[in-house]
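Working notes, beginning with the structure itself.
Chain nomenclature is as follows: A, B, C and D, assigned in order of appearance, with residue numbering initiated at 1 for each chain independently.
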């Protein structure tokens, strides 16, 4: 295990982050659709997992994404008050408030784990978000070399 | 000690309970089960008692013998309130023999436990040393924190002593024991150990009474209380959560307020 | 006599390491002493019984035993690297070494376990005789001794009040090791310390007889009341060897893992139907005691307990197998 | 063994320009479980769909992934095609290669790699999909309308006109609500009762409408299409079947001096009474709190004079169950109590009245027969100050929101006053005049220009009573920038509109959300303003937010249309994305029950054959569950799962990344 850590990591310039996004069907997924119909260009590093609501997202999903080698995770849903299911995003918010602090203690900080509200009307915000997250993770470097939550190859 | 033994003996003699769960008067203060009045002379309590005896309330063999009484210092009293709020204790079936330091405080039912806690222990706070350890770790860089946990979690053998020790871990089938899908790897390797410990702690959010039994039970000495403490502090600061005081409390994870903070959301 | 100063144990480790051994030794970390891979600069803590046993290095808590590549139509096996590094366990307890007899038996019974045997062959065990014992130790009750040599390739015996260690080679492996470490060993006289005094606490044969006849005894219900059903005892035990096979799959590959398992877990015997032949903790605790003192001796002519006391030393609920055996012996009288 | 077909759409050039579709389908064909990988110019076209149908049949596919546009665009299309070929439609998933890939990336290699990843994720998911069947729920074609004001009456009449049964529940003795109390209505000044009473009568006599006055909702069970609602029929002490409404009883009743709530306390009523002469039903009730017979067992006069023997002092509350398929909540509003404003007299000044009191003074059927007389001494006030935004737009003492109707009714009040007291002076203090509505601005202008109402922009800081009975109104004219003092005879406060007391409890019974002020929450503020989060429960009128009459009536008709739409089919069909509980492993911690936004998760007792409760678990009501999955993620042992987005599916998706 010690040896794999010190094995040659790819040069920073060649590092293409893998970002897993968990988004709700009604707001952020639709916002990403709008970014598409508006032909907004953004970085191609993010892969979206669609769920009905941010309320469905279990912290285990986030850990599994990291374990599988994601360099960052984004969770995005409806703005407060906009939840299709009235309060799923409020439940999610409380969960993430706690969970992110727990992960921060274990070394997964704000440059790995991102949260946002993106409405169905915010195509531009979605595109900007993906670009911004990608840039930050590019700077943070690969997750897989440094954290106990990764799966050793 | 005498008062505790007498109170326990009285409960058994009057057949108000069929079992008193306490600590035994021998080295290490292990769990002791008094089923007969004459057993009660072997009960003891002092600050060295590390087990949270409320963990036994989820054990089927104990539940088959309800009503029971439990020797309970403040953290255990809070566990009883948490279990009551989560509909885990049949009403009127669990009595607490409340103890604190050298004193015996009396015999209480679930409502009485909540009252006692509010009256006498409303300001229970985590040990400052524990919070200092959390703060010390948070002051390190993320990479240093990761390295710290890498070293710690590599020791974990997945014996689940932490789970067995915790009254909050009463699920009949733990998530780690579910294999369709197997979210948490059961292999005692880095990633499974990490996910296990992180999720074990997270599942105690808003429920943990910081009794310390999990950390005390860990044969490898993992600093599990750091995880519990950071969540406890956050839950208190963000949501005013104080688990184990209100037997009708809604679960922290499972309720919400429109005013909850989301400054970290973009 | 071949001797080495106790404080120079790291030099011995260094010499063995230089000779190509992976050195495992008791090392203290965060207040807990455990067997782990030694590295230069680490102190060796010979006094304590480590929290883990030396079986970790023969039968690791998790290992990949098979791999399968996933393909459109199905899957095909992929090779598994089976490496056995030349290893020495330095300062193993006599009770750790004694466990090897029991482990060898089960891993070579109806099936010769390749992974285990490869490691076993590559391992040299250097035990350290005990000059003191604590209230959890009971090797003398299960056929062992504080200075027992069963299973060991060499033994270090404390001398001159603990200042010195005397090395006795017992096997070829032991002699090879002594040769590799010759530079750190001195030749000379030493006054051996007395081994720890440890009165026998129970008669294991009497316990076995009672167990074989009292499966349904009400004793079990009461004896297991405190057990919370974790696996700490089994995982610390130098003899326990139950495992669980788990497949972990991603889109390209499936890995079959062999992980430790414990008869203390409710899930251990849970059937897919929902039926559990060991429905409660008393049935599981009974299994643990019976396996060690009745079933195993019947099958392999050796106890599955070496009296190291780890299980009771670290049990959060104060469960103690020796105390249970004492009570059983009393019941049988 | 899975047999998955993957179909990649070029969408003309829309996907094909950036994504190498042939490479994607070739890569897909090598994924575990995939037996067909194809690409085509337009998958959504007839030939494209035919390709899919053909492959399903010939290749015996167990699942399909279509890599094309957003599922929001064509998921229904492709699922329907799969169903035509005999594949359960929920075994088809879409990978979004257009909106989420080709349209947002320009580098072909990157876009193609991402497309392959997106397809792989969906292949992994669809291998774990299970056939799902739409949930069918039978519908009881009867509606419950709660509240007998204009909103409830309108909704009931519209539903009844549509041929469906209605139960109309009203808590007071008569239907009619606040509208029956109004004098005239803005902006046309037609007489409120003249336009309302025919509707009240129609509602009472309509064969499809069952009227339950003096009744309240006690409890609610069930879900959309299948509610069982228990109605508490409060004791009237008068048998409506026998009573003819002759009035002998209340003319003889010796308890005479009870302030009449209908008249905002300005008129008096007896202990046995009808609230107003045009009441429907026009049959009295006994006010038990004031009746000496019911309190002390003395009197009994009404029973003696009743020619029909309709009086029954033994009458008790009764519970009645009704089965309904849909509910319209139309519980209306009340005025905020301005006693909270100490500077306006704290409610102790008799000549400082609220808008309803003024309505009753101005009403021909009111306690003064339409003459404006001030309460303290019955004199005609010569200077009346009207104060808008009393309790509205004040987040310190009152309410943050604008009550919306006050600008208009204050203009109306000023106008009515000037019509009745020609030499009187009407002064209106306002913060803004909000007169958005058909004919509204013109109406306000008329009040100012034609009827001489004096509008002063500013707030009143203090109202005190001088020894001579005058009310000294201290205010500020913020346009002129100077303090104003007016000696008034009467002050009318336009108190904020607030929900009825008990509205929150009612919302909880129906599982409807409400905001911090207690107004009921609509399902979506723009697109579903009539629905609530509780399926089958609709909103009408001011229980949702302050509304005037035309708005209320519009929404009531909209709610009726929603109800009729729901009743148009004998069964409801719902997307089968719902949560399920694994009862074997549920530990009954009740977190899901607390978390469910719809009250769909609830306790369930597992019993043995003898009916003995073995243990309790959580359960999900299929009719109420909307499929958000919040329950699943609060469940620590993952004993709750969500069909369509199961743990297995999500786990497989993550493993494919």
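Everything below uses one rule, namely that a contact is a pair of C-beta atoms (placed from the backbone, for glycine too) under 8 Å apart; a residue touches a chain by one contact, two chains touch by 3 or more.
In this text the structure is predicted, and so the values were computed from the model without any measurement.
Enquirer: Which other chains touch subunit A while also touching subunit D?
Expert: Touches both subunit A and subunit D: B.
Enquirer: Could you tell me which chain lies farthest from subunit A when each chain's centre is the average position of its Cα atoms?
Expert: C
Enquirer: So using the touch definition from the top, which pair is joined by more C-beta contacts, A-B or C-D?
Expert: By the number of C-beta pairs in contact, the winner is A-B.
Enquirer: Between subunit B and subunit C, what distance separates the C-alpha centroids? Give it in angstrom.
Expert: Roughly 31 Å separates the two chain centres.
Enquirer: Which integer distance in Å separates the CA centroid of subunit C from that of subunit D?
Expert: 69
Enquirer: Where the centres are mean C-alpha positions, what is the separation of subunit A from subunit C, in Å?
Expert: Going by mean C-alpha positions, subunit A sits 44 Å from subunit C.
Enquirer: Using the touch rule from the top of the page, what residues of subunit C touch 2 or more other chains?
Expert: In subunit C, 250 touch at least two other chains.
Enquirer: Among the residues of subunit A, pick out those that touch two or more other chains and give their numbers.
Expert: In subunit A, the residues touching two or more other chains are 64, 68, 87, 91, 95.
Enquirer: Give the residues of subunit D touching no fewer than two other chains, as numbers and ranges.
Expert: 584, 595, 634, 638, 651, 655
Enquirer: Just say which it is for the chain contacts: an open line, a closed ring, a star, complete, or other.
Expert: Looks like something else, not a line, ring, star or complete graph.
Enquirer: Among all the chains shown, which pairs meet the touch rule set out at the top?
Expert: By the stated definition, chains touch in these pairs: A-B, A-D, B-C, B-D, C-D.
Enquirer: Help me check something: in the complex, which residues belonging to subunit C touch subunit D?
Expert: Touch list, subunit C to subunit D: 70-72, 74-75, 249-251, 274.
Enquirer: Mind listing the subunit D positions that touch subunit B in their complex?
Expert: 516, 584-585, 587-592, 594-595, 616, 634, 636-639, 647-648, 651-652
Enquirer: Would you mind writing out the residues of subunit B in touch with subunit A in their complex?
Expert: Its residues touching subunit A are 134, 137-138, 142-150, 153-154, 175, 183-185, 189-191, 193-195, 198-199, 201-202, 205-206, 226-227, 230-231, 234-235, 238-239, 252-258, 260-262, 264-266.
Enquirer: Over in the complex, which subunit B residues touch subunit D? Could you list them?
Expert: 86-88, 170-175, 178, 180-181, 183, 203, 250-251, 253-255, 258
Enquirer: In their complex, what parts of subunit D are in touch with subunit C?
Expert: Of all residues in subunit D, those touching subunit C are 1, 29-35, 120, 124, 584, 655-656.
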